Amino acid sequence: MFYHVQSLINEIIPDEPDPSAANALQEGLGGQFGEMRTMMQYLFQSFNFRGDGVPYLDLIQGVGVEEISHVELISKTISRLVDGAPEYNGKKFDTPGKGGVATMEMAKEQKNAHHFIVGAQGALPVDAAGNPWNGAWVHSHGNLVLDLMDNLVLESTGRLQKCRIYQMSENKTLRATVAFLIVRDEAHQAAFAKALETLGVNWNKVLPIPKFDSDQYPEVRRLRDAGIHREQYHFRLDSSMMEKIFSGPAPLNDGTELVTLKEPRESYPIPQAPERPEEFAPGLDRELQELADALNDFKEKMQAPKKARAVKRGTKRK
Amino acid sequence: MFYHVQSLINEIIPDEPDPSAANALQEGLGGQFGEMRTMMQYLFQSFNFRGDGVPYLDLIQGVGVEEISHVELISKTISRLVDGAPEYNGKKFDTPGKGGVATMEMAKEQKNAHHFIVGAQGALPVDAAGNPWNGAWVHSHGNLVLDLMDNLVLESTGRLQKCRIYQMSENKTLRATVAFLIVRDEAHQAAFAKALETLGVNWNKVLPIPKFDSDQYPEVRRLRDAGIHREQYHFRLDSSMMEKIFSGPAPLNDGTELVTLKEPRESYPIPQAPERPEEFAPGLDRELQELADALNDFKEKMQAPKKARAVKRGTKRK
Amino acid sequence: MFYHVQSLINEIIPDEPDPSAANALQEGLGGQFGEMRTMMQYLFQSFNFRGDGVPYLDLIQGVGVEEISHVELISKTISRLVDGAPEYNGKKFDTPGKGGVATMEMAKEQKNAHHFIVGAQGALPVDAAGNPWNGAWVHSHGNLVLDLMDNLVLESTGRLQKCRIYQMSENKTLRATVAFLIVRDEAHQAAFAKALETLGVNWNKVLPIPKFDSDQYPEVRRLRDAGIHREQYHFRLDSSMMEKIFSGPAPLNDGTELVTLKEPRESYPIPQAPERPEEFAPGLDRELQELADALNDFKEKMQAPKKARAVKRGTKRK
Amino acid sequence: MFYHVQSLINEIIPDEPDPSAANALQEGLGGQFGEMRTMMQYLFQSFNFRGDGVPYLDLIQGVGVEEISHVELISKTISRLVDGAPEYNGKKFDTPGKGGVATMEMAKEQKNAHHFIVGAQGALPVDAAGNPWNGAWVHSHGNLVLDLMDNLVLESTGRLQKCRIYQMSENKTLRATVAFLIVRDEAHQAAFAKALETLGVNWNKVLPIPKFDSDQYPEVRRLRDAGIHREQYHFRLDSSMMEKIFSGPAPLNDGTELVTLKEPRESYPIPQAPERPEEFAPGLDRELQELADALNDFKEKMQAPKKARAVKRGTKRK
Amino acid sequence: MFYHVQSLINEIIPDEPDPSAANALQEGLGGQFGEMRTMMQYLFQSFNFRGDGVPYLDLIQGVGVEEISHVELISKTISRLVDGAPEYNGKKFDTPGKGGVATMEMAKEQKNAHHFIVGAQGALPVDAAGNPWNGAWVHSHGNLVLDLMDNLVLESTGRLQKCRIYQMSENKTLRATVAFLIVRDEAHQAAFAKALETLGVNWNKVLPIPKFDSDQYPEVRRLRDAGIHREQYHFRLDSSMMEKIFSGPAPLNDGTELVTLKEPRESYPIPQAPERPEEFAPGLDRELQELADALNDFKEKMQAPKKARAVKRGTKRK
Amino acid sequence: MFYHVQSLINEIIPDEPDPSAANALQEGLGGQFGEMRTMMQYLFQSFNFRGDGVPYLDLIQGVGVEEISHVELISKTISRLVDGAPEYNGKKFDTPGKGGVATMEMAKEQKNAHHFIVGAQGALPVDAAGNPWNGAWVHSHGNLVLDLMDNLVLESTGRLQKCRIYQMSENKTLRATVAFLIVRDEAHQAAFAKALETLGVNWNKVLPIPKFDSDQYPEVRRLRDAGIHREQYHFRLDSSMMEKIFSGPAPLNDGTELVTLKEPRESYPIPQAPERPEEFAPGLDRELQELADALNDFKEKMQAPKKARAVKRGTKRK
């Protein structure tokens, strides 16, 4: 059974809209090696798990639960990136603020017209070529060794593709999220590689995939300096045996130690998306809006939860 | 951000394996109107939500979180239904107990050979015709009225199809899960219909879809007698404004009152699936098994969590 | 612009339900070489037609309009074949008349469970393997010679597959419709082959595809004896130049003469499908039914159109 | 059985080619909520209709027949928009008239290269992201209330998406067709909403979806002023009971009255598409063209039908 | 550039037709982890190969070329298994020989009706659930370590699924081919695991996947006894550096030595498939057959090549 | 059984990178009428071939084997076209040579982002709209006449689309490959048309499709002048009866004579693709590279095979 808090697993950094960066990032959400795949693959492997190897189950499922939060993060990031037109920032639908073009006027030239026609300037369950996510990509083989190897290939490909996406735009909104996912995918590579190490494999120096000098990726280096690449969270409200596997020296043989935690040390507020009249979103006219507002003491209570949402937020990583 | 407890939202009732019942139930999991769709549709609508209508957001997202637990429940149910051959129940791979046929010998005649070749006698992310789940089925239109109407059609179709599946097999494992989902889909119809009611629609007597005399579906009647059809859970660890909408008289105009709760009053243990040597699942040979067992004090700790998992379980519904 | 009469292009012959025959026939409706493809292919070729070769346009479009009526006929036929269980014929949902099994009890063992879970015992836009119809199958190349050759291959494959389906069941409902389509596909082969003949090709003896002794297919022979294989209809309410091509000796070099008509010499009543309570179809309870009946003088007027629908029907072919 | 006249349901307004506008408009043709879907969905619901609720059948089927004419209109519009390059207008293949670039030279940079490689500068059965139309999008649930609600969601989404497309280009060819479809989708929303009203639902003020001030969409306003949004046509050559439902006050509660007609008051000539030598379309060389021309008195008869096609055309809307 | 000899890489063992065994085997041909995938994946990786690591290129490409021969073998095997009905063996279309049912009479009840309607009792490019093969399954990541790991997972899954299929039927035609592929997949696991070993990985005892006592699979044991599991062929007519990697101790750490050969030590004749009049295959009537026979000295030369085809065949494995 | 030589069937002509030309060319590789389709269609037809019409079998299969080499050629060509950014030509990753933009900086604006995120600047098994190749496009009808006609339509469409692609870019790398394929598709049209001619069809002047004055396509004219359009290769290491059909006057009735050869008169070296650090391809860091180099006498032997690969290369066509 699953629960939720209205917080993000990483911070959304504001920057200009960038629809083609958003399109590239769709690969990380709805692509064959994106977060929807990792989420569904690990959940299916958990639900179909056989035998009493509970630490393996808890490892796979724990990573799977994290992936739902990655789907949430990456969706929110894409929504930010396609919300409006670059340098437009008009206060009103038809009044540009900084000389940019109104969103719908540039919409038909963007990479995926669905972002504007179908998704109301929001994230879509598709890849960077516009193909919808497909259930056949979920691999749940039943064989533990094979499932772990498949997961390792999945995380390696995910990280490889995100390293490529990182280079495709200097947009800060994009890079903050992509850098976080690069680092988490390294932790997930460690998780599945370590599980295979407990069964005898020695990876020597082939991991992680890909290798690079993180000085070239400052957002990545900052997160690695904070140790985010060697932590894994189990997100379990009862208890988990994940730590039986995810502890001790990292299987990447880089001298780091693995640490299992219940949850990330920090969480972040979810930015509220503005109304988009040109998308008819949410599309409540005055009459309907009054009905919505008439929900008992609505306006008043609106303030509190917003604050409540920020309390979990600790000191930010520097 | 998402969390998990290792419990089920409803009980798995044991019965004989029934692969074609499992195949029919795949529609409820990976079909166009199944639980994977509802889960992804409500999560995408939440992540793309615009404006300050928080009660509507919290309603959609709360139902979405519940759907992840439905995916868990229905996957587990399918796994039970395809695990082994009817009336076989051999203690060992090659020794039938009650005169049935060994699983792999009957496998090629079953409805979807993937259950045995690909899924290791587990659930698959496909529908009852073997087509993989498809991301294009997720509708997130951006327009609040339209999203709510789309969700109402989705829940109505889901419930309609499950009422048809219910009639297709008398298997108790199938019927217990299907009946639960029929009742929850009624609650979800109430949720979205009520939200539209706050915006002015009067549904009169057209809901729920479909209508039937629940005396014909005893498992359904028992759950309705317990009030499961008029409750909605928000599954939020911080706070939710769902109750602003989901309270007061039901929009189905049947005299019932809607109640918002944090979570269901009861939860249920997750049955451990047995090893399946004919599927090479989990496929650890003696050497690998010893390595797995060598995880520090593994065997010992194994007992505890199993008990821990049962504690949340309250008195069962009668 | 398109118009409709509530009549069928061929007669539905009653026989027992036969769900697996219905499944085979789905290939003729939603398969890659089925009627949905022919209909959409010819309509797209017509809408995209270039130049002043009006007789070619009118030929392609005329056949295309006929294909909509084929989609109607084959859908109705499939609906008949999956409507109920063989030898059941209960007057009421739960009272078998002739010792058969109730529909939903046999449903999960049928070839495509979607016929019962999704389609309410009706036709589906899918093929005989359960794959949905796909727009990529529509070929509109723009090049007239190539389009005509593609259409000839399409009609030949359609006819070939229907000759195979004919042999797969002795069900009279199936065979009557399949035989009609075999004969019409022969006429359509003649149409496209003749158009290519006007551009220089001599087909000699390779057509039609496939060749067989029609004495083995009595339903086919009867229709050929009536000349249905050498007629083509333009279905145009204004005027058509189809006859410029479709007249004179048949290109199959079998001594017959081609004849262009506005429409078939006969049309047939559309049988009304009964309600299916087990499918919740149409699913109007007593209250809703009363509302439906309250439509001004509804009951009274119901009788007239049914008779009206039969008037167009002439003497049947023998 | 279906018939055809060689006229359009709305006028094609000439303007410059605009391939990316054409690409956006593909969503309205081959998208999940486009005209191919509405056409097939209503036809399948009609062919699978159960029971004696003939007015409901006639309403669904009548709208379905209209949708075939919409597929015709939107295909023709897309063909116009991708036919040639903007500002090229060369009289001959290699001689630009107004300084634009020749079509094939700009082709590889356009949104969907298939428009030039596959479709010969014509419409394709795909959506705005290049995905082919898919049969799984056709919903025919069997349950009347649910089918009507599904249809209402379909029309609402179609209209919403077209309102978004309208804003994406000022091209007059695009806007004329899109405005017409926006207005007709409003009529279709009225049709299905009214049918649900006869079963008890009161929509109050939530329809139509989306709402907007039509002064911002002059082409839309002009059609609404002409009353096109409150008419429905049954396109039946025999007789129809559609009017039993589609009459009286509009369910959108805007004070208008619904009117059922046999067909639209006006129809429009179909523009002939020019030959495209760079696409080898139609691709008849001199020898083949002479054969085509040799069809008995071809050239002579060519003039007449062109005039004949214009006769139905009445006074245009102003 | 590619060449061909008209011989098979393994022998087709005759047995009765078995359409559902054929359907299961389709997974090995057109499934996500079948031979079409391995073939295309290794060819794409070869064609996209970067850098000067020629031994790695030659290893991947050499295995890829072998996979084309596997596609040939498995297609032929499926063709055998669906060719006719079990125990029918009539000399003529309509004369049963041993009391079985004629093929087309049983066809509509078989697992995939396409085998009879579409494929003329031949192999199809689809999986065991009837889904067509999909290009998105081909992984060519560009990163050498990742490509090798992906290939190892692919071979492991292929072998796992074939071990499951082996158990699903005792048909000798099926088992002979499946056993050969199980052994070759083991060799391919060795190939990619060895390549990763050259880059530092130590696999210890986790391979091959799956592990089993080959005494339970006599056809497999016989091939392993002949050493087929530790050979790899490069199929290159010029030269190959494959042996730089594929030599020395096997990476599965089982004490065997790897051997690189140009081609298998033996090859096998390709059985000629009989005509199938009920499928209209090849469909030449008397007139057309005479034209085919009239090809200069056709009948005479027919004998020679058949013999020629058998010459390469050496002593068979025992 | 299949063999390989490390040579190309035509020469790769160097020119600047051009990602959108590469995208257009994907249609020729992974499109519905591209080389992957022709290859798989002819191989499946060969593997499923029935009866003793060996010359027909050898013709279909021989063309099929050639198509594998076309897949190789076109993949290599696409790889060249997407390898790097136009006018960049930096010696190192970060040092532009001619003022162009670095590859990853322009990547997100290109037609298919998958070329950079997924394919590491290599060819993909997809079409020009980004849709993956689909097995349902393979037609193997079983009926010889129909299969030959289907193949003729396939080759005609392939050639038509390539003639359109030729006009879309002046890039020499693109045009050299496309021109070669245009000429070979003409030969393949001749092959299947001739086979149908042996069965009685007279094509008169409708072929080839499309027709054009080859003076407008100099690369095409040069190859036709060399006679490449009237040769067919059987690529058989044992023997082939292809010549029984492919000899004598061409069926296109243009006065040429058909010639059957074992293989093309010339073959061409395969250019080695450079490493791409920005794609992490091949991704060996210093440690892993040393391990790779440590393969026994690796560096030394590297020179030899490169020369060896060039020996087959004869005098080039002028």
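Letters A, B, C, D, E and F mark the chains as written, and numbering starts fresh at 1 in each.
Going forward, contacts are C-beta pairs under 8 Å (C-beta built on N, C-alpha and C of every residue); 3 or more make two chains touch, one makes a residue touch a chain.
Predicted model only: the values in this text are computed from it and were never measured.
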Completion exercise
The chains touching both chain B and chain F are A, C, D, E
Completion exercise
Comparing which residue numbers chain B and chain D contribute to their contact, where sharing over half means same and under half means different, the two sides are same
Exercise for the section: Please determine the option from A-B, B-E or B-D whose contacts repeat those of C-E, over half of the contact pairs being identical by residue number. Expected result: B-E
Exercise for the section: Taking each chain's centre as the mean of its C-alpha atoms, give the chain farthest from chain A. Expected result: C
Practice task
Starting from the mean Cα coordinates of chain C and chain F, work out the distance between those two points in Å.
Solution key: 41
Handout entry: Euclidean distance of C-alpha centroids - chain A vs chain C, Å
Key = 49
Exercise for the section: Report the inter-chain centroid distance for chain E and chain F in whole angstrom, where each centroid is the mean of the CA atoms. Expected result: 25
Handout entry: Where chain F touches two or more other chains at once, by residue number
Key = 32, 118, 126, 130-132, 134, 136, 141, 143, 145-146, 160, 199-200, 205-206, 209-210, 279-280, 283, 287-288
Exercise for the section: Please categorise the chain-chain contact pattern as a line, ring, star, complete graph or other. Expected result: other
Fill in the blank from the handout: Contacting chain pairs, sorted by label, are A-B, A-D, A-E, A-F, B-C, B-D, B-E, C-D, C-E, C-F, D-F, E-F
Handout entry: Residue ranges of chain F touching chain A (in the complex, touch as defined)
Key = 104-105, 107-109, 112-114, 116-118, 126, 130-132, 278-280, 283, 285, 287-288
Completion exercise
Interface with chain A, chain E side, in the complex: residues 32, 131, 134, 136-137, 139, 141, 143, 145-146, 149-150, 152-153, 156-157, 160, 196, 199-206, 209-210
Handout entry: Complex interface listing, chain E residues touching chain B
Key = 20-21, 23-24, 27, 31-32, 111, 127-131, 160-161, 163-165, 167-169, 205-206, 209-212
Handout entry: Of all residues in chain A, those that touch chain B in their complex
Key = 1-9, 30, 36, 40, 43-44, 47-56, 61, 65, 68-69, 71-72, 75-76, 79, 118-126, 132-136, 138, 140-146, 198-200, 235-239, 241, 244-245, 263-264, 267, 272-276, 279-284, 287-288, 291-292, 295-296, 298, 301-302, 305, 308-309, 312
